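Some structures are shown below for you to check.
Both of the next two complexes hold subunit A, though its partner changes from subunit B to subunit C.
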Partner chain A sequence: MRSNSRTTAAFIAPAFIFFTLFIIVPTASSVYYSFTSWDGINPYIRFVGLANFKEIFTSARFGNALKNTVLITIFISALENALALGLALLVDNVSRARNFFRAIFYVPVILSGIVSGFIWKIMFNYNFGPINQALQSLGLSALKRDWLGSPAFALASVGVVLIWKGAGYYMVIYLASLQGVPQEVVEASTIDGASSLQRFLRITLPLISGAFTINFTLSLINGLKVFDQVAVMTDGGPGFATETIVYLLYKVGFSEGRQGFGTAVGLVLLFIIMILNWIQQKFLKSREVQL
Partner chain B sequence: MKKLLAILLCATLLFSALAGCAGSAAPSPTQAPAAVVDATKAPEATKAPEATAPPAKAADPLEMTFIFADGDEAFKTSMNRVVDGFNAANPDIVIKIQPGDGGAYSEFLKTKDSVGEFPDMMEMRDTAVYVRAGKLAPLADNIKSLFKTTTAFDGKVYTAPFAGENTNGILYNKKYFTEKGLSIPGTWDEFLALCKTIKDLGDMSPLVIGGQDIWHMGFWFHKLYADDVLSSDPDFIKHCYEGTAKFSDERFVKTITDMQELFQYAQDGWTSTPDAQITTFLVGEMSAMMFSGTHMFTQVADADSSFELGWFPVPDRQGVQRLVGGAGIGGLSLSAESAKDPAKQAAFDKFLLYFFEKANYKLFLETMSYLPVTVDAPSVEGTDVYVAVTEAVKTADFLSPMWNGFHGDNELPPDFRNFTYKTTVEVIQGSRTIESATDELQKAWDVAASNFNPVTGTGIAK
Partner chain C sequence: MKKFKISSFVILFATAILAAAFLVPIYFAVISALKSNGEILKNPLSLPTGLYLKNFTDLFSKTDFLTAIWHTVFLTGVSEVLIVFIVPLAAYGISRHPGTVTKLVYTYFLCGMMIPFHLYMFPLFKELKLFGLFGTLAGPVVVYISGSVAFGCLLYTSFLNSVPYDMEEAARIDGCSEFQVFWKVVFPLLGPCTASMVVLNGLGIWNDFLMPYLVLPSNKAKTINVAVYSFVGQYTARWDIVFAGAVIALVPALALYVALQKHFVKGIMAGAAKG
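Moving on to the complex of A and B:
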């Protein structure tokens, strides 16, 4: 028994050491930096107590970034999962070229956030982008919009890209779950006279609720840490219209020379994610059906 | 046996991974190639390179890393050409250009510093920040003496300015102006009237603005800030640090309202137009004018060599010309770590002498349409627009760097300029009132000044 523990410890040790070195230690040091006004360059570090946290909770800029983050998280969590489930049902029910459709829907997932951001930045370009060009060609010039330059559309446009890029990933999880639904239960309900809609709502949905928990958790976390697309497509603009918390963290830390404040923002974000995740887990876990 | 095997396996994994980490770390700047320098014969930094010849036995060439903002294609090409020429002429030194991030160069350089990859030599923009952090080495006296004017910190100069500050002005479609009988404005109001005339003609937008790149907003912002604020209070920022001036000041508010008034003449979609695209608008006859620096001359010529380009400076309401010009705070720098190695210091000095050597410097200036800053300046053969800029700089009523290029008591807190530009964009787009914008700017300023205040010395190491 004792030798087993030692072997276990030996196997765990490398991961533990790496995790400690690259996650725990930086996190702990960021707690220290969050109480300073360090600019990230100068070795002179000044302790400012709780000033950074006070600023976070009183600054309109952080409030705006939090609002944008929450909006984009809700937007993508809802639509991304709806689209992913729709795609999974489609792929699950299609009898021909199933693998082809799976691959097509999954392709955006393998693109990096930066690459997808650049592609869509070109697509959304007001004067030369294919979207507005297409609208113009179809005689729908009135529908042309400055998709990334208008405060009314910029955040939604970024959200569309996130959904386009992420839906394929969640589709795979839904698909795996759909294929795990016992066919005998479905057949029994069919014999009992249940309609397709009833079968979906009463049989399929409860049985894939585990996938919902996973996907909503993942999309929640992804929504809260949106960065790549904002950095590439809008730089947080126009003005501050698409600035999210993670982007704010980056801008203040690296661009504005306020590493101390940036780490404080990071810690606040960590707590927000922990709390939201706990609430979500509580809610969704209670709805899961165990087979 | 199994246990021993497991432990050995884990240990191997751990050490191999750690070895990988060690391999990725930046070499110590002081670890010069062994064969390069005999320290006892090391050249003094203040001597000319001829007097500081490299060591006699140099088995391997001395390697110097070099980073600059490579977003502008003409600048990148020019720098590559100079470095290639230098490397060919100096087989004992190899300057290695590393990719720079043109769009977010300041962040890029900070990141390189954070991960221990601060280059030996670099284009420096945030000079004051890096000087305070002790990251830069002062220029040798023989290098300083090359320039007509330099920027000193406590008597020491840390950057070799590439050229005079990039003078902004209106680049316009000369053919269109001639066809429509449009004339060069003598005052700001005449300029606005010109914009209105072009808008009413309906052929193209009066102005093209690359508002997606937030720094591009600085061209217009500085022009109006200089006319509205600096004209009556050159120390406005210092007074903000002292608390005797506020951003609700009517002159500052005027800057924002002037921006609002002006931007009605920008092309549709200006907030999502990158700076890299504005040349297309001008040569494609989608816009009649752009306000930018002289570096755009080359870009316009490259885009359409037959395009008839004109240039004029934009006056204020009384016709006074306040232009961006003179030597600025930025330029070429050597890292303080690299300067500890006499061979690297000597190589840097040698490179600067090569860069500013008349023939090389002339080529650089002509490519970039920049104005020289050296005492023994080359005679630059410029185009008509270049000559127009040269004349305007000579006769300008005031010459100064951009508002974010000041140092000392008027140095802006880091990135306050971008915060100002973004807030101004919100006002122009109508998503924020001027009052709320100035309130927000004041709040941001108060926080920034509590962390960094050159007037009181807060946040500056003694």
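Moving on to the complex of A and C:
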């Protein structure tokens, strides 16, 4: 048995070493750096205690970033899931070319954040973008906006891109779940005289609650980590209108040379993710219906 | 019966309209890559008037886009090969030697799934500098491998737990070494899992932006996505050339998706299981 243990160790070792060296060690160092005023370059590192965390919870900039993150995360998750469920129901009931339609709705998912962000940046352009040009040719010039340049619309415009890009992913999960709903149950309820709305609310929806839990958690966590689109479309602007927690972390770390503060922000982010996971385990999971 | 037909037509119609709407941005990107800048500004949504390839020739002659493509292919290819060797090997070790230690290791790996890259990137870069990996193509590779361990182990271990030991025992009796048992008997059985891993990680690495942007040397071409990002700031008056780059970035992913659609769907379902 002893040689067996040794082989097991040898098999696990490469993954263990990579994982420890490049994920766990830097994560643990982050905890250390979060108590310092490290600038990322200077080898002399000054310990500042809880000053970074104190600044996080008192600075208006972090408050603004938190507000943007919460707004974008919650709105995107809600709208994305609604759209994804709608698409899944359509695709599930469409009479022909079901796989074709599923494939089309999934296409935006495979684009990179940078490419999708760039395409939409031009779509949203004030003077030459297709959206404003289309509005103009439809005689709706009054609706033309500087979508990414005005603080009132920039965050929502970035949100549109994220929903467009993400909905297909969640649709595939809903679709698989819908296809797992046993037909006998649906038929039985039809015979019992349930309307199609009742069937959906009382039979289908509870039976796909597992997919709902997964999708909602995944979309919340993905929403928290949005970065690429913000980088290419708005750079956090105008002003700080689209600066999220992750973008703030990047900015303070690389443009302002405050990496100690950045790691403290990262820890707050990890804490939020852990809470979301915990909520998923505790509340949503327990409400799922199993047949 | 008539009512049923009408509603099925309505569903088909609504689905088709939505599908068309979903494709508008991609249509816009592809046609814009084939137009001159003036044409994009004048009629953004109309088809190109002729076959106009100057954007692509400019892209390759005026920028170092070829190097960016090479870097992207290298990072994706090398990371993938190492990932689908290292990760299933570890999962095999964990799955075939159940005990307190392997269970601890497994839980340790799973913790990694929650940690966001942004949290540890600052110390990570310092560490990469220490190892002499900062500014080299090996830098992103080691991080991609490390980042794939958590989810990959989950995926492979749950799959392996449903694979019976019999064949491995038979191979051992036939005189295979432990590594040969893994490589010749077990690894081929993991095909479906490996396909999901390749698709999920491949797409993630191909589309990654932040790590190559920060880790690769700053005076040279980096990856396709980094190139597109820097063109946006650099060629503000040449959208056409940026669109050409964007189209080159999305075409291989799109082609792979069309060819391997089944595995993409499986990959998502596997990815969803981690939630």
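Assume the second predicted complex is superposed on the first by the 272 of 291 C-alpha atoms of A that agree within 3 Å, B and C clash if a C-alpha of one lies under 4 Å from a C-alpha of the other, contacts with A are read in each partner's own complex, and residues count from 1 in each chain.
Assume a residue touches a chain if its C-beta (ideal position, glycine included) is under 8 Å from a C-beta of that chain, and two chains touch if they have at least 3 such contacts.
Since this is a predicted model, take the numbers as computed values, not measurements.
Contacts of A:239 after superposition on the shared chain: subunit B is touched, whereas subunit C is not.
Contacts of A:93 after superposition on the shared chain: subunit C is touched, whereas subunit B is not. When the two complexes are overlaid on their common chain A, residue A:273 makes contact with subunit C while staying clear of subunit B. Of the two partner chains, neither subunit B nor subunit C is touched by A:183. When the two complexes are overlaid, the chain among subunit B and subunit C that reaches more residues of subunit A is C. By the touch criterion stated above, A:11 is placed in contact with subunit B and with subunit C alike. Applying the stated contact rule after C-alpha superposition, one finds that A:126 touches subunit B and leaves subunit C untouched. In the superposition on chain A, A:173 makes contact with subunit C only, while subunit B stays out of contact range.
When the two structures are aligned on the shared chain, A:254 is found in touch with subunit B and with subunit C.
Subunit A residues in contact with subunit B (one complex) as well as with subunit C (other complex) are 7, 10-11, 14, 18, 40, 128, 254. Contacts from subunit C toward subunit A in the complex involve residues 8, 11-12, 14-16, 18-19, 22-26, 28-29, 32, 40-41, 44-45, 86-87, 89-90, 92-94, 96-97, 102, 105, 108-109, 112, 114-116, 118-127, 142-143, 145-147, 149-150, 153, 178-179, 182, 203, 206-210, 214, 225-226, 228-229, 232, 239, 242-243, 246, 249-250, 253-254, 257-258, 261, 264-265, 268-269, 272-273, 275. Listing the residues of subunit A that touch subunit C in their complex gives 4-5, 7-12, 14-16, 18-19, 21-27, 29-30, 33, 38, 40, 87, 90-91, 93-96, 99, 101, 103-108, 110-116, 118-123, 128-130, 133-134, 164, 168-169, 172-173, 176, 211, 213-215, 217-218, 224-225, 227-228, 231-232, 246, 249-250, 253-254, 259, 262-263, 266-267, 269-270, 273-274, 277, 280. Put simply, subunit A touches subunit B in their complex at residues 3, 6-7, 10-11, 13-14, 17-18, 37, 39-44, 46, 48, 51, 55, 59-61, 124-128, 146-151, 235-241, 251, 254-258. Residues of subunit B that touch subunit A in their complex: 2-3, 6-7, 10, 13-14, 17, 104, 106-107, 110-111, 113-114, 129-130, 132-135, 211-214, 267-273, 277, 281, 286, 414-416, 418-419, 422-423, 425-426, 429, 431-432, 440, 443-444, 447, 450-452, 459-461.
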